[in-house]
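Consider the two complexes below, in which chain A is the common component and chain B and chain C are the respective partners.
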Partner chain A sequence: MIVYSVYIVSKSGGLIFNYDHTVSKVEVEQTFSYPLEFKLVNENKRVIVSFGQRDGIIVGHVLMSVNGISLTGQQLDDGKDVFEVLENSENYPVSLKFGRPKMTTNEKIFLASMFYPLFAIASQLSPEPKSSGIEILETDTFKLHCFQTLTGVKFMVVAEPTDIKLDVLLNRIYELYADYVLKNPFYSLEMPIRCELFDQNLQLLLEQVEKSGLANI
Partner chain B sequence: MARQTTKLDTKKVSAELFTLTYGALVTRLLKDYENIDDVNKQLERMGYNIGIRLIEDFLAKTNCGRCYDFRDTAEKIQLAFRTYLGVFPQVSNWSAANDEFSLLFDNNPLTEFVELPDHCLNLKYSNIFAGILRGACEMVQMEVTSWFVQDQLKGDNITELRIKFIKKLEDAIPVGED
Partner chain C sequence: MIRSYNAKMIYNLYIFDKTGKLLFYTEWNRFKQSGMSRNEEGKLMYGMLFSLKNFVTKISPYDMKQGFLCFKTNKYALHFMETPSGLKFVLNTDISAQKVREILQQLYNNVYVNYVTRNPIHNLQDSIKSELFKSKLNSFMKQTHIYLSK
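After this line comes the complex of A and B, so read on.
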């Protein structure tokens, strides 16, 4: 059982906690000669491969560094513009590193707030009155399990797609939240969770689930 | 304060330490506020802040579902007193409309060593309970109010806490929740 990440959304729909557990790192570094056989574009403040997929370099991956110099936006850390460097044949051969884009915290907050209305729509679509919202959302590569408490807090676990019900795990996370977040007198409700003890115990729990499954948690 | 049933938490705190701590808290409040009504109000407010957090612990550990009538609620409040304080209050004196009941305590762990002095007969020593109940119920979208009808500290035979249902907070009920 592999758990990818855990999210907690507050009563009012804001993301108050997120934790990435297992993120497979996909990074490729290769040396290229002029001209490049694939197209790069600047999208959402990142330089990504838009066309020309070839050995390990996948459309959608981001450019992480040029000759070992990393970049922010389209500017290299030494002040040069990436596109200018790559257009100039004198700079070749050049070594480029590509990787899977990581979600930024802002994107996560944005996505979490998108989930909130989806959840509400799901509950209204139901033919019977008073249905629950989304409990499981399934895709090719993962399954999202969502659990809403009576008080309106949502716990979400993104895990590998299996048929196993994750109710037990979600409930254990709820218990950890009650113990290490709410019982911390310096935590204020509805605010982002920054509690070391909670992090530690959550990590422990997820490792245990990974090793021995859901049976003994 | 200690839960017996969880694997995680085997720590227990001596009941006496708990009682003494609460006593110290109340006497401190009496020194800080001249007016006894203010002390009662502060105790209730503290309780409220405990209640809004404690309810999540209760729900997480007991797997309780939503209450469909006030009798359900009464049962769960009774269970909560048992879980957190180890006392078994009796539920009784239901009103005709089923929206009001009393919890009868034979003994109250908060007041074990307490004798009220003459100058604070108005003090609601255990008013923190009223706050906890209000806070906890509010988080599950129910407005209640509670007050002490009888108190062993004031010479009654039992301590009676009366709880009244006011309304459901419909607006606050989360979507996808029946």
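After this line comes the complex of A and C, so read on.
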């Protein structure tokens, strides 16, 4: 059982806790000859593939390094502009590393608050009366399990796609939240969770789940 | 209406085109209306799917192929299929229904393609009014393993 990440969203829809357990790395490094068969653009301070596809590099991947030199924005660490380097045929063959973009903290906050209305609309469009919001969201690469407490706090676990129900795990995380966050006198409700004990115990729990499954937690 | 709560059931079906227009809607069993016009409901549903797709591709740990497949609440399951041309099929069933994706695929291959795409007087941007499609859809759904009327 692989758990990718855990999110906790407060009742007003803000992200108050996030923990990435298994970090997936999708990176491809390859040597290219002139002309480059990709169209690259600078978007949100990252150089992104906007057209073209080859050997696992697809639209949306981010350029991470050129000849082993990493880049910030569109500037290489040795001061050159990445587009100028790639336009000049004398620089070829060139070794480029592409990868799936990592989520920034801002994106995580944005996504967590995006889940809130989706959850509400799912229950509004229900063909059955008194439906809850989204409990399980399935895709081909992961499954998101969501548990909402009576007070409206949402716990979300992103895990690999299996048929196993993660209710036990979500309940255990809730227990940890009650024990180490709510009972912490320095914690105020709705605020981001910064509790060392909670972090430690959550990590321990997830490691246990990874090793021996959900049977004995 | 008397019914057992554990019964297998198909609730309703939405078909959207690539621009988000509701092409077709039909329901077999529906116990709660959303309280808005069909058109408005279609827009809300499409908006939700659009955001869900966005959400899912961002939060995914790996690159996706098919993307969003389905979600479940405690009362129903929504199954989603998108064809390469951007046509979207949304089928609501009970939560115990299995292999609904295959049904959607068959629905597209055997019913939609035969009775909508191959209909010479039908314009693909228009909503589907063909009675033949409706009746074929109905009989197709009734022979699937997840269909059971109350």
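Throughout what follows, the second predicted complex is superposed on the first by the 212 of 217 C-alpha atoms of A that agree within 3 Å, B and C clash if a C-alpha of one lies under 4 Å from a C-alpha of the other, contacts with A are read in each partner's own complex, and residues count from 1 in each chain.
In this text, a residue touches a chain if its C-beta (ideal position, glycine included) is under 8 Å from a C-beta of that chain, and two chains touch if they have at least 3 such contacts.
What you see is a predicted model, and the numbers here were worked out from it, not measured in a lab.
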Chain B and chain C placed together on chain A: clash or fit? fit
Max touched-residue count on chain A (chain B vs chain C) belongs to chain C
On the A-aligned overlay, A:Val158 touches which partner chain: chain B = first, chain C = second, or both, or neither? second
Does chain B (first) or chain C (second) touch A:Val26, or do both, or does neither? second
Under the stated touch criterion, which partner chain does A:Asp140 make contact with: chain B (first), chain C (second), both, or neither? second
Once the shared chain is lined up, is A:Leu118 touching chain B (first), chain C (second), both, or neither of them? second
_Which of chain B and chain C A:Glu107 touches, first, second, both or neither_ = second
- After superposition on the shared chain, which partner residues are touched by A:Asn171: those of chain B (first), chain C (second), both, or neither? first
**OP:** State whether A:Lys183 touches chain B only (first), chain C only (second), both chains, or neither.
**Re:** first
With the two complexes superposed on chain A, say which partner A:Thr149 touches: chain B (first), chain C (second), both, or neither. first
| task | Examine A:Ile58 and indicate which partner it touches, taking first as chain B and second as chain C; both and neither are also allowed. | result | second
In the overlay, chain B and chain C get no closer at Cα level (Å) than 10
Chain B and chain C footprints on chain A meet at residues 122-123, 130-134
Note: in the complex, chain C contacts chain A through residues 11-12, 27, 29-32, 34, 41, 44-45, 47-48, 51-52, 54-56, 58-76, 78, 92
Contacts from chain A onto chain B in the complex sit at residues 11, 119-120, 122-123, 130-134, 148-153, 171, 174-175, 177-179, 182-183, 189
Given the complex, residues on chain A that touch chain C span 4-5, 22, 24, 26, 58, 60, 100, 103, 107, 111, 114-115, 117-118, 121-142, 144, 158
Contacts from chain B onto chain A in the complex sit at residues 6, 8-9, 52-57, 59-61, 63-66, 139-140, 172, 174-178
